[in-house]
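Below are two complexes that have chain A in common, paired first with chain B and then with chain C.
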Partner chain A sequence: MGHAASPSGFRYIGAKRRTKEDPRFVTGRGRYAADVALPGLKHVALVASPHASARIVSIRTDAARALRGIHYVLTGEEFCATTDSLPIGVDAPKVRRWSLAHERVRYAGEWVAAVVADSRALAEDAAELVEVEYEPLPPILDPEQAMVDGSPLVHPAYGSNVILHRNFVWGPVDDQFAAADHQLEFRAVWSRSATVPIETFAVVGQWNPGTEILDIWASIQMPKFPDQTANALRLPGNAVRVHYDIDVGGSYGVKRGLKHTVLVGYLAKRLGMPVRLVEDRLENMRGGDMHGPDRLFDMKVAFDRDGTIRALKIRAVDNVGAYAGRAPFQLGKPVSAICGPYLIPAIAYEPVAVLTNKTPQEAVRGFGQAPTNFALERTMDRVAQFLNMDRVALRKTNLIRKEQFPYTIPSGSTYDSGDYHTVLDKALAAIDYPALQRRRDAARQAGRLAGIGIATCLEPSGGNSAFEPLLNSKNQTTTWMDSCLVRVDLSGSITGIMGTSSSGQGHETLVSTVIGEILERDPMDIRVVHADSLNALPSNSPVGSRMAIMLGGAAAGAARKIKDALIAIAAHNFECAKEDIAYRDGNASLKGVPEKVLTWGQLVEIAHRKFHAMPPDIEPGLQAKFVWEVPTGGGLPTPDGRIQIYPCYAFEAHIVYVEIDPATAAPTIKQYICGHDCGVMINPDIVHGMTYGGIAHGIGAALYEKFTYDDNGQLTSGTFMDYLIPSALEVPPIRIVDHCTPSPLTTFGQKGSGEAGYLGAPAAVANAVNDALALLGVELNELPLSHLAIFETLCKTTLNKRAPNKRPT
Partner chain B sequence: MTETLYGISAEVNGTVRAGQVVARTSLVDWLREHLHLTGTHVGCEHGVCGACSVMFDGEPVRSCLMYAVQANGHRVTTVEGLQRPDGQLSVLQDSFCETHALQCGYCTPGMLIAAQALLDANPRPTEHEIREAISGNLCRCTGYQQIVEAIALAAQRMGEDAT
Partner chain C sequence: MKAPPFEYVRATSVEEACALLGQYGDGAKVLAGGQNLVPMMAFRLLHPSWLIDINEIPALKFVAVETDVVRMGACARQCDIQRDDAIAARAPLLRQALSFVGHAQTRNRGTVGGSLAHADPSAELPLVAQVLGASLVLRAASSTRTLPASSFFSGPMMTELRPDECLEQIHWPVWRDRKTGSSFNEISRRHGDFAIVAAAAQIAVDDDDRCTRAAFGVGGAGPMPVAFPDLAQRLVGCRLGEDELDDVAWDAAAALEPDSDIHATAAYRRHLAGVLVTRVLQSAYEAAKAVP
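Then we have the complex of A and B:
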């Protein structure tokens, strides 16, 4: 069991095949950062700020240091003097940030001191004895207030709380607004949530004074992580060795513990002891710096009475929290799909990133695209409602048509391929849309609140950082490569080597499938290993749904070099042209003379042992690397802010049916279908799994999850009792309907899908709830559409109905 | 200040394991840090996520909410104890591989414990019973769909084996 033929003419690609990774995980043999046990390992506990904004008056550590088993208490004064501040993406060098606060704290939960002890328990005992005197300052939490002159400044040296503010105009926006039959405007709010992996961030560091190498084992998913760790520690890049063979317990973007790693690296080197830091859940939620976008959208749309959308004006204000990092760039990636899957010829976009005294953000699945899709899809529903037009018909009117690809959108990105109408039609047919409408209407007649939600959204994929030079002209990064090394050893066994860690995406399965496809060898016999950062080829890690495209393409490129070498060896020995060699299952024969064959084993032996039988232009030993740049990448933005960002665009059409209990206001998802086109799937089980997971995550963002703060800036949802992650009872059975429009830009026609599902689910669920509430004449545009928010809305409408002049008989 | 050490002895995955712990040592810390059974994972340390689930005298419990001393004289099964005696994957583990019921693998050991406890008590669960049985175990990767499929497949296979 477990294998079935590939449907697409490939040998292994697209077939139902078991993954290489699953067996070690079901037997408890994964190896995560917290599992790394080193002799003499010491443990870190953190002292966190209880204030959202305060001046640090003094820190007394004597009592903590006096405890038995305590090795060190580190404060910001020493740390900031001996390490460099962490990198910042936008052009705001005075917004500086270290692992430990110095002189001032800027959010509740910010680390103030670190204690190292023989055990975590002892370290926590000592952390409680660190005495910090604070002078509290008024916190600023609301981004619009923070933009007003005279508001408290989060970073006084920077002089403003606005860390990014741009105005892009692509196309004749004002002309389109003037010519349109109608206009609408409204505000949509995406509240602060995150991916919240079940594994918190963990890192182990060990300094070897003999080799002068700092070894790091970390639950990491981050480009340029070793370089940035070395820079902050004032070490050469080749003094930091990050071990990528660590299993990462979920990430979806957020596992970027640079501040954790620099702290642990510093302590390990300073003390000459291996040191481990594992966040507890509150540290993760409050001080792990992994929150996602916290964004309000002011949307203006111009459209005609036939439903044609003429132009959009989007103002997006994001509350990025107390420090910046790369987070403001999450306003940049949506430029790559700013009009969604629609033919909208003119768009104005005003992204604003604002500093406040909330926890800093990190990259979250979709890098800002899911909030933007939510705002776009609420816009589509509002237009349909205004025109009293069917929501499916409105979308079909505006969707880019199959024959228009490749299609360049106003902001400069060209969509590679797609067939949006067909995917939507397949989803509608699969759910039996007329029957679904009847079900909804029957439920309404029976007195229940029922609604259907539709969302048609894009998943930009192939992770390219072209939004960096777009939003920071001093940043000219256009390279975003990935790579793979393929080796065939003397025994004939194949090994693929990749230069990054995995957090559940099945990269070992990906690489082995692709190599097997090219070399026509069984992927189950191909081993895939994760190198460390000192012997790895360059990688930019699995961000931006890039690995099927980039790592898959690199593995294919390296395998092709191996195949070419094998063919050259055979041609040399048969004294024929390479074109006269037939390659099959790893064996090379003379075309038309099948008995004249060199087997896989013989070819490998020649390459490794028989230099006398090698062609002169082929290196002995069978190994090949392939490094490549993102397809369509490498360009800088035009002066008017147009840029090709991601190369590939997958499409998803969600249809969801929700009922709301009129008595309790509890929303229940009764049916969920997702039409999905991400080109050629390398491993369908993996793609489907990530899509199901993305939808579940999106349901969380739509209905349950929010990092809430009180007026003093205290996080009030720091546990899983109040930050609600959907369980198997909240996530319904989901049906995925596949469609395949290959990408013309990639090796096998694949597109990325690591962010699939999440990019459309919040929009679809929000549209379904609003379809249900529309019966009452109310609308909710602020996520999450929590049970409480719906309840309060129902109470208000019920009270209105009970007003004296409206009293029901 | 020196903390008092307590001697404990428990049957862990069929083998008697003894050790000395301070009173505040949690069961999961004893399993992971003392016995090096790192298959059991720590997710929230407040009893919600279920990643640390182990069998305790045949019932699933949260090992982050128990003290190691409470295991004294009892029987504990972790994910490392789920394989067949010959080292092959159990039907449930194999079913998880067949449907790809995991991605990062972090919640998987606890999910297997919850699912095994269900199947031990109810060999033919409905889909709703499966969802209810794993609703105390959070997974952030899969949306649960392929997990539910795996447990249903395991139940079906075990039923076939029994007939």
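Then we have the complex of A and C:
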């Protein structure tokens, strides 16, 4: 296969090269948790609560147990007495959660009992026979109502529905508001959506009473998963072995099936049988606890008549649902980029997380940054509209300039590098912005609604979860390392070993490319494997757009140690200084004497077999580990809540053109371009693939996707008939324009890109729709911008009212 | 999402299928393409005790294109009907509608009869059956009867099929008027979803562009798709300008009683019905005029 050379002086990094893992996936040879077929495997089905809030009066399981092929029916009474509750991120220990409800259910779909049977179908048959008597209680669904005293409490023992409420003030906010020429305020609403991978959560557990090890195969993407599973099951950490070589069929944050795994682990140990739980779609959508942010923003902005933004006041109220794991932290990550890519000297931020009787949230791509970017970008457009100022000019006035990096924002994070004006200009040039404006204006002349949307947004990357100590003073976690082990075997083959699972990010390509780059060996010949959790070096898993930086940096560090060892071996044998060795393609020669060379094979043989030829300070064999802490990480917040969170900041400039049929309110995306700068790309195809997918995901959040609930708290979009993800027919051709501003903090200058596209697409699409609506004097600030929402907004105008007697709208 | 237990039998003839239906009646369901039935069983919304598979009955897959009628067996695949140029020449609405039915993958398996018997109020083929006035041949062990589409559909997901009856054939009338045009259109959130509202029209004109015959209907805006023969009659004898079309379309919209759901309110559905009927009438009329 042909490989285009890297443009930037690297040999493999940045070159357009085939990925290592994709052939396995496109030929159907992936191995997923549901493919783990153990002899005697039993299957779990769940009894779910039909009520959003109720007291459990009684559970009768005899009819279910009487069915043939049923092995066990587990209820919360037994389970909660013998396992520990799941961890909670914020300081609210009385908000306790187990895999199964006990005494009370707090959302429709919550698991009440688990049935174990010879087949999943039998387990479902028996689940229908479990008789649960409920005493329904009034549900609370609206977060603002839930904050009012006297509202029903989701967790009465906790005493309030507000699980997190902080007031941060960074800089002279009130002074700036007082001094500004203008201010305006509005509300922006980001509705509950998620990533909804085709693979639901799946887990297989097997307890071996001989070794006393619980083996887990799971479609998992989260840090500390083995430890937290062991804790909940009251087992030592080394009694849980998670097999990270399982392919994960999509995640982007949501594959955090701790409650599933603790349940399966408990059943496997209790019954002495291997047990499997594969969520069906409805279990996944309703009770899989995988929903994303559900957030309203009250935005206040102070600005001058020349467009300079002086200060922001942001109040963000998030409806986290019935329980809280890490979800409230999704209000914390945006602190890392609270002013977006703009020079805004003073910011007040009031994050509020509220419990309600909706499905609990989990992490979703961007971890709260995409909603925040949406609110920021709507703010920029509203300021431009207020001042009757060009939106591009307004952004250029406020974007941080290239020469200002590294740039420290009011909330304490320092942005590493960037060239925002250039990326925006490249995107404008690539789409031919003047021509696009003419196209829009011509469409308007022809009677169509047409709008251009622009969004300039940041992707914080490097996965340093310093928002934990920021939002929970009892949590002093500052370590977010990742690691890699590189081995060269006697045959000279190289293996990179990573300590977590992959969910489509292309880690095998990443690690092999980086090792190949350092050792100057062909990445196609480098194997990358996933250790199990008892063999693995520490990893914090692919969260927060971190693996290109963290795993890439760790692989490079380990490969450098190998390279150093090879050079030391050569220097020892040539009786010269290490500096006199020339290393090329894996061979080491004496500088200036090219015939004096030890080849890769010879060096490897010395390391493995010829101890007599080894330098005294080098271990025999050829392997090296490297454990790396996040660059800039390790700090705790100041008393006023300033903290360096993520180390690296990628930038994206979206320009999108939308037309809306004024008669039907149907929106169509006609043109899409994204200027993108994530520093040095290790593999451009993977970065572009992530970005295309991120934009499609963002289009979903902007126009289609929403977990809707009725007044009784029933999820009314629990299948793909009603929860609408955009298909290839809704996503337009997308053009990506690359730019490279290397990060000074990372091994090769790379930044993260796992959330690329998603962090700006919802804002850009919303701005485009609003540009179309603005001519009619209306706006729409609540996502998704569904056909119905657009129609009802158009109904506020004179449009479609030509014949009111005949148009009963 | 696993179906509850059921018995399965593959019938090899219409007679056998009808005999089985006679035997098991209410507890039995006919399995054609399975694109609706199987998911509903997986959701445990339906609990048939017997599934009678009619996919291997050749007599239910025939297609006969005749001068005045296109006849087909109930188990004719949607993809085959969509690809059939002879059908497209005689009853073009079928092809036009089928491009909105699900996706290529579901049309490969889905059948015409299955869609009609399922009777989703938003489905495309029941709407075409109403607009064209299709006849449905219902077969039981000892009797056969033919119902017009207007009598076949009785409510959302409800038809006049008796428990012992199997939909055997569908007869689609062919308009022999030389200058005939038709049009199908719908609004859905995404391509391939059930329509929020769908509209279909067929119009014939004389050489002076005067409408000689018209039919149209709306789906998704009531318990079942409906045709508007009386309103269509108002178009006959006229050259159809914007005003005529608009009047008829919005009178039709006003007569609808749509429901609200998470995708559309009743008001939006009624509005879309007016817009879409105007559009399909206009486009069918233009197509008819364009016939040489």
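Keep this in mind: the second predicted complex is superposed on the first by the 794 of 809 C-alpha atoms of A that agree within 3 Å, B and C clash if a C-alpha of one lies under 4 Å from a C-alpha of the other, contacts with A are read in each partner's own complex, and residues count from 1 in each chain.
Methods note: a residue touches a chain if its C-beta (ideal position, glycine included) is under 8 Å from a C-beta of that chain, and two chains touch if they have at least 3 such contacts.
Here the structure is a predicted model, which is why all the values come from computation and not from measurement.
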Superposed partners chain B and chain C on chain A - clash or fit: fit
First (chain B), second (chain C), both or neither touched by A:Y704: second
First (chain B), second (chain C), both or neither touched by A:T664: second
Of chain B and chain C, the chain that contacts the larger number of chain A residues: B
First, second, both or neither for A:E199, with chain B first and chain C second: first
First, second, both or neither for A:D280, with chain B first and chain C second: both
Touched partner set for A:D35, first chain B, second chain C, both or neither: first
Partner chain in contact with A:T716 - chain B first, chain C second, else both or neither: second
Touching partner for A:P733 - first (chain B), second (chain C), both, neither: first
Contacts of A:I686 with chain B and chain C, given as first, second, both or neither: first
Which superposed partner A:A108 touches (first chain B, second chain C, both, neither): neither
Angular separation of chain B and chain C about chain A, which is computed from CA centres of the superposed model and rounded to the nearest 10 °: 40
Minimum Cα separation, chain C to chain B, after superposition on A (Å): 5
Set of chain A residues, in rising order, touched by both chain B and chain C: 121, 280-281, 721, 727, 729
Residues of chain B that touch chain A when the two form their complex: 1-2, 22, 24-25, 32, 36-46, 48-49, 51, 78-80, 82-83, 89, 93, 96-109, 112, 127, 130-132, 134-148
Chain A to chain C touching residues, read off their complex: 119-121, 124-125, 128, 280-282, 663-666, 704, 708, 716-717, 721-722, 724, 726-727, 729-730, 786-788, 791-792, 800, 803, 806-809
Contacting residues of chain C [partner chain A, same complex]: 1-5, 43-44, 187, 189-194, 196, 246-247, 250-251, 253-254, 262-265, 267-268, 270-272, 274-276
Chain B contact footprint on chain A (complex, rising order): 1-2, 18-19, 21-32, 34-35, 37, 67-68, 121, 195-200, 247-252, 278, 280-281, 503-506, 685-686, 688-690, 692-697, 719-721, 725, 727-729, 731, 733-734, 757
